Amino acid sequence: MTEIEIGRGKRGRRAYSFDDIAVVPSRRTRDPEEVSVSWQIDAYHFDLPVIAAPMDSVVSPETAIAFGRLGGLPVLDLEGLWTRYDDPTPLLAEIAALDPADATRRMQEIYAAPIRAELITERLGQIRDSGVTVAGALSPQRTQEFWKTVVDAGVDLFVIRGTTVSAEHVSSRSEPLNLKRFIYELDVPVIVGGAASYTAALHLMRTGAAGVLVGFGGGAAHTTRLTLGIHAPMASAIADVAAARRDYMDESGGRYVHVIADGGMGRSGEIIKAVACGADAVMLGAALARATEAPGRGYHWGSEAHHSLLPRGERVEVGALGSLEEILLGPGLGADGSTNLIGALKRAMATTGYSDVKEFQRVEVVVAPYQRS
Amino acid sequence: MTEIEIGRGKRGRRAYSFDDIAVVPSRRTRDPEEVSVSWQIDAYHFDLPVIAAPMDSVVSPETAIAFGRLGGLPVLDLEGLWTRYDDPTPLLAEIAALDPADATRRMQEIYAAPIRAELITERLGQIRDSGVTVAGALSPQRTQEFWKTVVDAGVDLFVIRGTTVSAEHVSSRSEPLNLKRFIYELDVPVIVGGAASYTAALHLMRTGAAGVLVGFGGGAAHTTRLTLGIHAPMASAIADVAAARRDYMDESGGRYVHVIADGGMGRSGEIIKAVACGADAVMLGAALARATEAPGRGYHWGSEAHHSLLPRGERVEVGALGSLEEILLGPGLGADGSTNLIGALKRAMATTGYSDVKEFQRVEVVVAPYQRS
Amino acid sequence: MTEIEIGRGKRGRRAYSFDDIAVVPSRRTRDPEEVSVSWQIDAYHFDLPVIAAPMDSVVSPETAIAFGRLGGLPVLDLEGLWTRYDDPTPLLAEIAALDPADATRRMQEIYAAPIRAELITERLGQIRDSGVTVAGALSPQRTQEFWKTVVDAGVDLFVIRGTTVSAEHVSSRSEPLNLKRFIYELDVPVIVGGAASYTAALHLMRTGAAGVLVGFGGGAAHTTRLTLGIHAPMASAIADVAAARRDYMDESGGRYVHVIADGGMGRSGEIIKAVACGADAVMLGAALARATEAPGRGYHWGSEAHHSLLPRGERVEVGALGSLEEILLGPGLGADGSTNLIGALKRAMATTGYSDVKEFQRVEVVVAPYQRS
Amino acid sequence: MTEIEIGRGKRGRRAYSFDDIAVVPSRRTRDPEEVSVSWQIDAYHFDLPVIAAPMDSVVSPETAIAFGRLGGLPVLDLEGLWTRYDDPTPLLAEIAALDPADATRRMQEIYAAPIRAELITERLGQIRDSGVTVAGALSPQRTQEFWKTVVDAGVDLFVIRGTTVSAEHVSSRSEPLNLKRFIYELDVPVIVGGAASYTAALHLMRTGAAGVLVGFGGGAAHTTRLTLGIHAPMASAIADVAAARRDYMDESGGRYVHVIADGGMGRSGEIIKAVACGADAVMLGAALARATEAPGRGYHWGSEAHHSLLPRGERVEVGALGSLEEILLGPGLGADGSTNLIGALKRAMATTGYSDVKEFQRVEVVVAPYQRS
């Protein structure tokens, strides 16, 4: 670790973002057709190492099914519009049409509606009926209230996702969620995060999680830095958590906890760098919100955008670039890395001579800050 | 300290600005409601670790009272319009309406009026009558002339603020202010600055000051760098002065001198980073000038903007974003870190697991330069 | 090598682009007229150390002849329009006139036409008849299919050029090109690349190549980084490959393999830096596409711009600035480094006191990142 | 020196520009009125450490006199319009009115007129008659042809200025200027440059020069980097040459050679940083071309802008901001560092506690790259 003295009374590590690094070709090449990008977590196999983020602009029950059929793992937000309203479709249309000046306030109102347990059951049932792997996400704050509903609805994978999730939450008001006991008692594999450092991730791994989400703030890194001063440069965060995975595997006698990059991957180049830094899979938000089928209708937002007291993100216009299939599998529609994400991943792996995702985590990278012109 | 060889004949330290660093989440989290941001200096307690800068665009007697009631410490500029004119209100309105081309010249004229001792007494009395902690600021050049008036008017805290204030000023024309003797003889606690280095701050601490302002140029860092070539990157400056606080506490057998960041904190993220680097409190200018009640009416300026020979700043349009309460305590009106400053500070502390400001000075930070896109 | 820890689980080298470095004057100067920039590879001598890139926007049979007569080495793309169509002129005009929105799709169609062996023979024959050194380029994928046609047509230099070419390609579908045997059996000197690292280049040198192209992606570095996350900063890549040249010369008992920079040299300053880092010659694309005679008619594109599944570049408007002679030999038409490329190279060499290209590879450089304003 | 490995085959020093550094306040302050900025070289004393660059847009015989009377040292370009034409005034007006597209070509024509020895005599005589210190500049190429005329005309200081001037120029066409013998035999003190490195400057000092100009390309650094790839970051260059001054003083038994920064100082902040890095005086071009009296009439250009084969600069519009006196001595007209240059220098010295220019060379600086927003 490069420790830097900021001033006499403070030191900090130098940390790197995706823009700071690049993959470099090596001495071997390979046919793109011979590259595998499949991914397996617990008993579940996926053709693509891609998780659709639990965000209303990305995953509806319908797009969950479509995304699962294309080979990825969709996660429904169980605290979003689909579990608050019988039919959120008109509200999604309204959000997409909001004037920017009113967007934050109106979204705060829309999301003030209560979460209804029976809708959790119904939405997950709809996905289950399609044969696609079923996954739903709760925030740590809501997990105690709704986890039983979720498990009874029959999820295959349970996701606990917040801006920061720690293995040790301090609260005097209520009994905080004891992650270790919760995961131990649950019969379903749990993916949990975000975590952004070696120690935080190691503690989460020790709770028994099957996978750890790496990141902070999911899609609102820019505004999070402005408002909270907090920033977890992704290349460093993933590489740190990958080291925790290795150390925990040693400490646990062989448990392999999946490292899932979550945030900052709007282009295929960033997905590739995430894997190069050690990710087993990636959770995508904005990149998938650009699909013509996406429920966000060309807009993308996270839950921090409608926080009642401290909104830290905004509804962002991302456009509708092509079908979900074109975005994932191509053919590419332009040269900006927003379509054919998997084709690009395969080509990067082939160009550098690697044949699967796990191997590609060893690819050589350089530090060469990217100058936006 | 990272010493860099600029060339064979010159070395310099690498210094860091707020934009160069970020706070990182750790392995623990906490409820935002359980976080305390209260601050105590000498006998005075404040709910918020925030000082309103002695600038005409920020503090009038009226906003001083409002700001004090919200929990902060307001400081009136005793060399500003309120001590030069019986009623400066029309002049504040005129300044806000000035054509940019004429602003510097006209402000030079307006500020050429003499300071009147009786107005110092009157303005401070008005604040005192409200029950709010009374604080007024003089420049080092004017301290000898007016300090007695200020003390007689009954201030609780005395602020001596210049672009740079040193413990040792050399002048052959007049007897320079002997800070050490002055502070020793004064019955009132003194906050003094700006200082931007370990040594300068340590010398100020040895004069007996209760607090040291860290910074240079208050709000005009950009133009100060252009005109004077002088720049004190804030993250490094605060961390240096925090080390001086620690060393002086040891040397003095336990005197704790408060480190107050002054300048460059226009967004909540920067306030948070200031504390992370070691600040006990922050002095805000532009951030508060954005209040609808602010006397600047959407504009902000410092005394360097109307310097008669070497103007080094400008009247800047900052807008009027929301009430002083919204700016300090929320609810947040957008995601850019300019409203709900304290809510953001509390959330950053909670997200990283800290419960008070002093503890949060230990939070982990990374060096990761921020690329403005 | 400066190895940097990106995070605990990943390290990477710091790599430098042309923008990161600059040549510095030394204690000696020289008359520009006494500087030689001639270049010899195998039996072929050139007045200028410049190769015209095998791209349809740069080299047609006609401009190949003109470029050869000015002293450089032109390379015809044997997989471009000239070997797919009897008369590609109308298609070149059409491409130049395409609406940006349609360009990628229409170019994909145009380039879908099959390559015809007899056109390879005809085009190379036309160049041969002019007396200019004959060189043609194939991609590694097509080399086995067409190499015999090319050799029979009588090339002097054979170029194998892809985004990345490795000495060891893994494929289970077809027998991959065995470069070492291929080059050994061929009677014609081979230039091969791109390679971007010491190891990759060393392996290519061991195949018997006469020259190695250094670079990746030829002209589309920006989009390659976005889509594939791959980037080979040129200053570091050339310096690495130059070290491989030195080590291979030692290992082989004296074989000197030419290092040819390929990509990122749109201005004379970058050509100069390429030589300063160790290049023996430069392969230019965009810089020559700016000639009024260039077949691209003010536009420039590479084969990655019309890739059927994963387009990674775009047709770029470069303008038509001056004659090929003005671009290479001046007189300069402006101060932006896009004309009189060779005059600038000679002046840089004279200003720093060097008399030939090989010597100038030792010139002192500084690392001083260039801030685009 | 921080040596960086660019790649395995090339190393380079990290070098710093003015934008990379800043002066920091220290523990002492001083009254601006008690600061001296006077400068003495050989027998000549100046109130201001400022030389007006020998450029047609800056110095005419008339502005030389005005500038000298304000306390600086003006240098007339003896290869400019004033020694080629009886009355260049209409040509200066024409240049200021040229369409940007035609400027380079037309300036090449205008400057093609021959230099006339009798005009050298006449122009220098006019300055001499005013009582101002007389200085004229020739390029190294023309020095042998015209030096006798210049000396006979009675100059006080002789300036030899080129983009790079070395103590050892190699030419087989003509006998190059032997600087050492030339300076030895001349009765007049010589200022020579530009030099940009320790070694180059040390060699120039050994020729007997009274002063060395530090820089490269005077005012066209940006385009020089684009066209020639050459760049000498000024902070590092000055600090290197200052070290050569110290070492040469030791080696020569006490000869003090003046270090004169030449280039890149458009704002007062940069003048201040030049001194902070070790400069005894500064040579200004653009900064003075902004005077209403300047012969450039709001435009500025150097001789490289009308080079017949390789133009490397351009006529730049700098505007006419204020009188020469306002630019040098104030009062300041804005906050951008382009007026009251000396006032700003004095204030920077006072703020950091220094009392003369030589002392201020020791001021503390930090490395903190300036991010243009």
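We just call them A, B, C and D in the order they show up, numbering each chain from 1.
Operating definition for what follows: a residue touches a chain if its C-beta (ideal position, glycine included) is under 8 Å from a C-beta of that chain, and two chains touch if they have at least 3 such contacts.
As the structure is a prediction and not an experimental result, all values here were calculated from the model.
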By Cα centroid distance, the chain farthest from chain A is D
Superimpose the Cα atoms of chain C on the matching ones in chain D and note the rotation angle, 0 to 180, in steps of 5 degrees. 90
Counting residue numbers used by both copies over all numbers at the interface, does the chain A-chain C contact come out same (over half shared) or different (under half)? different
Once you find the CA centre of chain B and the CA centre of chain D, what distance in Å lies between them? 40
Gap in Å, rounded to a whole number, between the CA centres of chain C and chain B: 57
Tell me, which residues of chain C touch at least two other chains? 14-16, 236
Examine which chains touch each other and state the graph shape they make (line, ring, star, complete, other). ring
Touching pairs of chains, all of them, please. A-B, A-C, B-D, C-D
Which of the residues in chain C end up touching chain D in this complex? 1-2, 14-16, 18, 21-31, 33-34, 198, 235-246, 267-273, 276-278, 330-337, 340, 343-344, 347-348, 351-353, 355, 364-368, 370-371, 373
In their shared complex, at which residues does chain A touch chain B? 4-10, 12-17, 19, 104, 163-173, 195-197, 199-200, 203, 216, 220, 223, 225-233, 236, 304-305, 307-314, 372
